[in-house]
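Below are two complexes that have chain A in common, paired first with chain B and then with chain C.
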Partner chain A sequence: MAELAWWAFLFALITGVILSFNYRPWGDVFKSVSKLTGWLPYGAFFRRLHYLSGQAFLILTFAHTLEHFLRETYRHIKPQEWTKLVLLFFLSFPLVFTGFILKGDKGGIIAGRVMYNLAQEIPCLGSGLAALLLRPGEDFFLLPYLHHSVILPLVVIFLLGRHRKRLLPKGGLGWTLMAFLAFLATFYPLPPDVPPHVETTQIAGPWFFHGIQLLLRYGHPFWVGVLWPLVPIGLLAILSFIPSSLLKWAKWIVIITWLLHVTFLLIAWCLIPGFIK
Partner chain B sequence: MLTRREVFTRFLQCLVAGSSLYIVWKYVRGTGLSSLEVNFSKPPKEGEVLFSQGSYLVGLKQGPIAFSARCPHLGCRLEYAAMVQHFQCPCHGSQFALEGRRLKGPAKKRMTILDLRMDDRCGAYKITLPLS
Partner chain C sequence: MKRTSIISLVVLLLIFIFLILRQEYHDISSPPSPDGCVVCHEPETELSPSHLLAVLGCSSCHLGNPFARAKDRAHMGIVKNPGDLHFSRLTCGRNGCHPDLPQRVEKSIMATNRGILKAMQTLWPHDTSESVHDVHELIEKPIGQSVALDHFRKMCGGCHLWRPRYPKLGEIGRRGGGCTDCHIQELSSHTQDLSKKRFRHPELTTRIPSENCLKCHNRSARIGLSYTGRFESEAYGTPYQKGGPGSRRLSGGRFYLELPSDVHHQKAGMDCIDCHTEKGVMGDGKIYTHQEEQVDITCITCHDPDLQNENPDRELARRLERLNRRQPSFSVLSYVISPNGSPLYHIRPGPGNKMKLYRKRDGKEIVFERLAQPEVHKAPYHKRLSCQACHSAWMPQCYGCHETLFKQASQRGWLTGKKWPGRWVEGRSYLRFRKPTLGVCPDGQIGPFAPGCQVFLETFDEKGDYQPDISLRSLVMASFDPHTTAKNSPDCIGCHLDSKVLGLGEGSLKVTGKGLNFKPVYLSSESGLGIEFPLDAFVSAKGSLLQKPSRPQGRPFNGEELKQITRVGLCIPCHDQYDDPIYSRYEQSLSRFLAGDAPCRKEVP
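So, the complex of A and B:
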């Protein structure tokens, strides 16, 4: 699973580099993306491949973390190794989220604003953190671009650690994944981009954010938009530091918080039209 | 005691680190605009809602009033629903009356009123829209 996630990350990296030759994170970004998708030879294919490999990375990292959680690996490995794995899993979300912003369509712009405003809700650190994530105004996409294409990939490469060295011996698995993603990219249509000026009655964020988006309708932005998503990740990260007498309870708390997240996600998909297209 | 070569190497390292930090700081800080001047060439009629570059100009009985199109909840762009004559948030469902009053949450505040000025020479309305 880890090798597959590493391969998915590599494909996302390579296709991202190819796309970056024609992507401009300033000016009319939506036009830049439309041009990239519609006019450039194989532009749509590479964009789909980039999108799919990013999603594959997120899902495979989740599966890898889940596999080790169920095997209770955190009992046997060094705490910092376990924390690294959970941190890697956590970082796959902002990596995909910033990619969603960089589409430059209405959904992307609004997702960026929501991220900025949610960060500002954090007591004391809020405004400083928000300033590091995004700058409102004409340079709206610059910082998400910096995070998506430089900072987060570098941190992910660092955290992948020993898996980097395992790449070549099991290369065959990677080619199978690439063939599968390329097949999907040829036939799978991307979710439609909504131009920024078009009026819409419903705007949805990235699919994994839909449950939180639903909760934000009812709860305080800091509690449901910042703290609640961090609870299951945080609990997962500290598992290897918990004394073994309490581990059984801690494991069940992690499972319950994750199940609650999945439940809210499913409720959002069932209740709100337009969340699944 | 450091040799001349070591001093020179450390100086170069500091120079590279310092200039890299400076570039990152400039990149993060930016030089972008902090506000935007929005123009409406004609005044709205009573009950009419005009939109331009992130702001609404609404014609009310007591005169025109300008609002930021950003939802005070989390900053999504409010849409004007002409059928029911109110503003609504496409992300989290807040609703606001034509005069900016909050009708339905999760937003806690009313719509943000913007400073509106009239150009006496041509009758156009000008709004300063803060970008942050």
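So, the complex of A and C:
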């Protein structure tokens, strides 16, 4: 699973580099993405492949973490190795989220604002952290671009430690994954980019954010937008530090929090359509 | 290598071959415009030299998704009319283009209609809980019970800049559209067939033709018509032509008569934009309630100019001059400045005591004289007279505005296009072109007044029963520049002893020792209108107010002023020159006259 996730990351990295030749995180970003997708030779294909390999990386990292969680690997390996795995899993979310912002469409802009505003809700650190994530105004996309294309990939490469002993991961199902993603990228239409000026009744964020998006309608942004998503990840990360006698309980708490997240996600999918009504 | 890897590689290879063969991905030559819209849409003409398609493309103005291949994606969020004020901040007003203009225009009188709304909400039956300040606020509000706002929505709301453009024929289809309302050269056909690749795009212009202004300014005060020498006449269609109604028709089937047009139109062929500045029309960013607060020119701006203004906006003047390629360029910047500081870059000092105007639309040079005859124009006893008071040749006057609301029927509103109960039927008593009535304008100057409006409102409920409690008489006289400027002005008697000009109405006026004796031509008491004074009477001979002024600060002449004006009128038959010595020491001369010492008194038996 880890090898497949490494493959997916590598595809995302390569396609991202290709796209970056024509992507500009300033000026009319929506137009830049529109041109990249609709006009440049193979632009649409590479954008789809980048999108799909990013999603595959997220899902495969999740599957890899779940696999080790179910095997209770955290009991046997060094705590820092387990923390690295959970951190890698955690970072796959902002990696995909910043990519969502960089689309430059209505959804991307709103996602960026949500990220900025949620960061500001954090007591004491809020405004400083928000300034590190995004800068409102003309440079709106610059920091998300920096995070998406430089900082987060470098951290992911570092965290992939065990699996990056070779330049390329082991073959195996990697080529199959690549063929599958390429096949999907050829025929799978990306969701439409909504021009930034369009008045919409509803905009949905990345799929994994829908549950939080639903809760944000009812709860305080800090509790439901910042703390609540961090709880299951945090609990997962500290598992290897918990005494063996309490591990059984801790494991069940982690499962319950994750199931709650999945439940909210499923409810949100029923309530929030993928795109504008 | 494992079998699965080999199969996967074969699949990958097939996909790449497919991609290479699939034309959609690579058969794209370099685009002829900055965006991909021209693949399907190719305008036959350019918009304007400063809005070249090759530079701006389509999406800079029309938004949408300029490089999407599928029609539904490409057209998502597309704006057919970029000038529409609902979008203009994103289109015309985007950064790097005209970022300050939409905000100014949104606050301008033509967009807010604040004056009309305020007057109607003050004078008509209205529930103050529904009050609004401007049109945009009214568009957002649900339909209520206010009769005033119902009338505005259904009868007046067709002329404002927030109104979207509708694909309708005639004048209605050309009105509205925000920036586009003024800044396009109208196409002869308003319906464009965009299913065809090649089509005619409307041209943008800053040399706005007067026809664009006349789309709206041909009703109410009718200044657009008057300026071009047209008077909307009664519906008889006279004078007949070939045994039938005349062929001189306006929009809505209205007839008109040809009268002398404004001298600026008649002699100089000037358009509206030759006088009215961009700030005066589009606003300066401040919210005004009345148009005279926003308009930033007066007659003396050009005819008695202050060329020594120390703070002219030279940069703006240069830019405006450069943008209008039909204007001659001068190395020395010397031009007229409006009282609010707008540079009238096309009006410059001429030889001697003359001035030069370069028409904005074609650059033609017009030479005109500065204010002459100081004994006339600077006479101290006429210092309160506005230029329009003497130089307006005629004024369209629409008497008796009969508005009837039938709640049994429905009518469509202009603002939303929706229909709801309540149908308005409008009529009038009569129309006249006559010399204006004079009175004291809100700014304290004496200027022309005309009915504006004399409302006779009758309301009938859902059962067809008359509702006296929401029916009313509201007779108002308004002051405005009729735009019928003539070089010559009436003689002295034409004002001092003319009952119509004095505000008494048409009739016979006698100045007696006991005061004014006036017999009106029109006897309202016998007309069934329910008023005791003539429709054209602003004030009684004793100086009592008969009709309300449209502004609290405006008024007709009071009793004392009427007395003074008519008293001078008795001297005028003999002393008809401005430089007559009796006028330089008028009070002294009058005392002598009353004491019987004046030479003329001795001669008169």
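By our rule, the second predicted complex is superposed on the first by the 267 of 277 C-alpha atoms of A that agree within 3 Å, B and C clash if a C-alpha of one lies under 4 Å from a C-alpha of the other, contacts with A are read in each partner's own complex, and residues count from 1 in each chain.
Just so we're on the same page, a residue touches a chain if its C-beta (ideal position, glycine included) is under 8 Å from a C-beta of that chain, and two chains touch if they have at least 3 such contacts.
What you see is a predicted model; the values in this text were computed from it and never measured.
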item	value
Clash or fit (per the criteria above) of chain B with chain C on chain A	clash
Which superposed partner A:195 touches (first chain B, second chain C, both, neither)	second
Touched partner set for A:182, first chain B, second chain C, both or neither	second
Partner chain in contact with A:131 - chain B first, chain C second, else both or neither	first
Touching partner for A:41 - first (chain B), second (chain C), both, neither	second
Partner chain(s) touched by A:260 [first = chain B, second = chain C, both, neither]	neither
Clash with chain B (superposed arrangement) - responsible stretch of chain C out of 223-231, 277-285 or 367-375	277-285
Residues on chain C engaged by chain A in the complex (per definition of touch)	1-2, 4-5, 7-9, 11-12, 15-16, 18-19, 25-26, 28, 31, 35-36, 59, 63-69, 72-74, 76-77, 87, 90
Of chain B, residues touching chain A in the complex	27-28, 30, 32-34, 36, 70, 73-77, 79-81, 88, 90-93, 105-106, 131-132
Interfacial residue positions of chain A with respect to chain C in the complex	30-31, 34-42, 44-45, 171-176, 178-180, 182-183, 186, 192-195, 197-198
Residues of chain A defined as touching chain B within the complex	106, 109-110, 113-114, 116-118, 131-132, 135-139, 142-143, 146, 199-203, 205, 213, 216-219, 221, 225
